[in-house]
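One structure is given below, represented as structure tokens, and several questions about it will come after.
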């Protein structure tokens, strides 16, 4: 519950599709439930089409609009630029914003290539020296159950980590008749399931374990290579053909990995797991305990305490809705669960507090770059007969 | 996504505790996700303590405050009065508001007695004749899984209903050391678990089945009769004693019931189910199918289709997050679940649409009265050796 | 693993339908996994039809047959009579066997009436004075998860018991076209769902809590009153009509109850819960912990430890397959679950050990009588407008 | 229910540890529940220690004993040799038995090396030409839920298979203090988790999909390399040291794979998944449907029917206990689940029927050899930087 007399933080949002809507809800909601040191203002929304961005600003709650993101970066009433565009534009926007002294929140994956991500991380480091902050939007870190998972690992409740298995299972293009979209074009999206959802489980498992991946062995697969163009094909620049477009990204990515502490990782990201809608599943086995999480039941964390006597040991289903759990005290009584969008609200909270506290928020652009390096290693391994591929640190 | 040029609907909210916060979030959020025919304005918030209501208005987003609810009812810029106070004040406020020509949204249970509820229903009927609308806040009806459950029953997918079992399980006073609160005083709360949470499962099962309870056999129980006064005991008027207060409501209510269509009902509402936080569990068995729901996994409805061959029949776990499901298309992609507060937003949506459409919203005050009559029959049966007690219609 | 040089225990089994097959498997299997003080011999199988009992003896592994149960009771090579006939014959057979000095294992419910059960309990008490033992076959007590549940309660892990909710859900006659059988005739079966499956949850909840029901309020229901006669209608003596028979027992029984320690009980037994096949579900909430069990996942017990800090508290899914758990060490490694029939094997084990140890096995006929009194009170309450009905002790 | 006048099948069992006990129970039980064309006789049990084998024969129900397996192979009263010894002896015993004209049931994995398995498959082919049958003991194929899974795939209910994810998770040596055993010695066991449990998920996924793995990319890991010798260290020939022994097999095996139909496979077998006791988990996603299985809830198969409308689609929990399901009609009513050992009984049933029907049972030694080739490819890939390794067909 942010007092109205807090200093303001002018926000400029670039992009108003799915992610833009989620970020808008977060900026609107955060101050009503959390005591923020700065009061976010929804100053300006940017989009390429004037009519559409105007309509979006009206419904999403933004005070003004721009059709050129450069204008947002230049505006004096903008303190923070929130980048919700496809990955091919992240680097240019984010670097410009940082150089202009604006704090930046950038959607994941940080960029479409390691080179771009390196440039961004470098810009972020320079900006940080001037007190300008940046964060990459791995929002699932802010699901309370994930926060609790990290805490249990950090508290030593799992002991030495031995196994990490992570899946991100969706099915929205399992049907070969599902149409083309920018997310299936390498030029726009960088990669397919790998970057879109695989990036999340790479980040989450590293975040929860406090360890990083050191190498991978991978296979990528595109099950359906030609897809019908959508009704309004004109909006898909660069996609030709007589009614179909060519999918140039992976439909699924599977890889083995090794963590810095020696744990084995098994990863799977796919858009072809029929019946799984947003199945982010993470299991971690340690020498002292185990954890299991599934986003399709997002208010729950399963925890096996290996120190419990065998008679009463078992995976316990922790309903992560207690005031003792991360972020929860700000919301509802125990058992009154949260939803998908709350992670975005928590992201805003942590970001605003870091900015006001002159601290670097996490995950940083450097963290985003490291995830990009993992994705790059996955692609290189897959292109080289799955040969084990080290991840540069 | 409500266009900014829609006509406004001035809202006055009475009460700013748990329910007030939930309603505020709903009023703020609904227009950003749904196309409403009227644009709600958070005009005024009322509370007895000037300083506290001013602070609440700031954090909850209300434009002005009042310390006397009568002022809200009188204000010209208020079109709708939203009643979020304890049950003993519902009748007076709601009737006054309706008579003043204000639409009314009233939290449940509608009142603390059948007599009050009858007066309210009568006032609502008179107001409706003048185009003034009223609704009682059984928000759980607006959980998408519950909406789907009702639709499946209405579509005949369950056939003839034979069994209804419903539990509302909480544990927040399972510890005898949990302090007194107004919810444990009969004068303020009317009843305990029965009215607070039992009312919800009465309404939900009647709503989903489309049938009403015709009689009950009941037992009420107060496990812990004396509780420590809270730290700031002064705020609990009417509670005496040298450090403890007497619990004058039920801790748990269990009852058998019969539905109009002949189905058997088994109900249990308790605040002593250790480990269950907000376990609203409803199972319905019919001649053609069965349903199961648990609010602790609120984005899921389980459905058994009895017409399926035995080889492949089974309770299916429907993730109620598809655009085909009630309310869901306005929110996020499949699998990106909703939370507790979304039911309140949906309530606002349905109420505003009914007001603009000159229709009586549901559940009406008459529906609230009928639930009150069920609660009353439960109390009478429990006081009369559990003897079967008919519910007047 | 019973040594072949143990003294023998000659068993005579009366009845070779479902229960007869289950008991036969138990008698055959127990000595191979458990070290029994007496080696059971499958001496004689009795059934009314000579050809059918001969065939059954061959396939079930019995050495000889009789067509009159009285011959079994008389035979010198029979030490124990195992009664697996319909309930209307239990009293006569069991009393005769006890008077003949044979140990008796009698299927549940003990009898079709309190009077019969009283006679049986009296005969059992007299026999016990002479070292002749008797047991009633509530086999579900011997599911390891149930044994663990009882132990946790006895160890104080649940504290003071406040709530017991128990359901026994089946669906085998949910279809009105399901044919008549002896289980639907009051003369043969005594009652319907109440005695057949309701008896089990009465016994199980009393066993696990270590408390008895003191009173009930009940409703009985017969949803389908006329059913087609089965193909071979001749075997159903006493059922007339032109192709249908009249169901004279309850299809479903629901009742509230009170336990000696003050806990509230809610019970439901039905054969009309479409999709539930053998859903014995028991939940117990105490002041210090809670338990949940569902026979459809019979190797699991859920336990909530209320002494755990809120951060990590949750219902834990104990896989009851560890050597530390009741009966399990005799079987397979952890995680290699048991099935329905194992409860019968454990029943044999406990019975044989009691006989050899000169101890009265449990549950005794007196226990069976007490359950019968609960069932009787349920019927009386249901016949008297659900009025609270005390259970004589 | 096998008639006592069926011709007999004399069985000789080699080995009487865990697997010997499971096979014994199967041989004893199968004829009581299934109508077998041949009546198995438990003719002879073999073990190296005369006293121990005599005791085992008594408790397990075998009529005679041998201390040299060669004697079993030679005996005229033995028609079938059942090999339940460690893997290093499989080839010698099985080949000798086949050459002696005995049918052979051999535990999995078929052998400790491809070369041994090739010799065994060759011997089996030669024997089959003479009507002598052989089978490898992948018993999990005979869990009813697995049988149903295969049928659904074969019926086309899954469409084109795209993803297979399989885990076999145990934790019995997660504790570094767990002692050495023959299962941790490469000379005896061939491999560790890979051959012991990984072999099962390779076989199961190939069986259910009806496809074979064509290549793999793998990592093997031994987390704990030195373990304390057990109390009776003398029985562990070849293991030296002052109190500890060296683990020479893998603790965990993870690998990616490709199936003949193009599906991606992700496999994980480990003995270090703390809290998972016998977690055989298989998920398959196809273009028309998906399946999920977990042995820790072995009577259930989850099935997602992609042809169902979105409104009511969901993973359905099929309780695989209906008479329509594989093997189930022989056992108990619906909902009365089976346990671990029943798979062994079903294995005996299928084997005896194949022998009597002059058909080659499945899985054949050739199937066992193919699994061995997969395991070998996993080891070679793991030794070669996870490079993609083709599996010879």
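A, B, C and D are the chain letters, set down in written order, and residue numbers restart from 1 in every chain.
Here is the rule we use: a contact is a pair of C-beta atoms (placed from the backbone, for glycine too) under 8 Å apart; a residue touches a chain by one contact, two chains touch by 3 or more.
Keep in mind that what you see is a predicted model, and the values were worked out from it rather than measured.
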item	value
Selected pair, greater C-beta contact count between B-D and C-D	C-D
Longest centre-to-centre distance from chain D, chain (CA-based)	B
Averaged-CA centre spacing for the pair chain D and chain C, given as whole angstrom	35
Geometric centre distance via CA averages, chain D-chain A, whole Å	42
For chain B paired with chain D, centre-to-centre distance based on mean C-alpha positions, whole Å	55
Junction residues of chain C - those touching two or more other chains	276, 313-315, 319, 322
Chain A contact footprint on chain C (complex, rising order)	148, 152, 157, 302-303, 305, 309-319, 322-325
Residues of chain B that touch chain A when the two form their complex	1-4, 18, 22, 24-25, 28-29, 31-32, 55, 58-61, 170, 172, 276-279, 295-300, 319, 321, 331-342
Chain C - residues contacting chain B, complex	162-163, 165, 167, 169, 171, 174-176, 217-219, 221, 223, 252, 254-256, 258, 262, 264, 266, 268, 270, 272-276, 283, 285-290, 304, 306, 313-315, 385-388
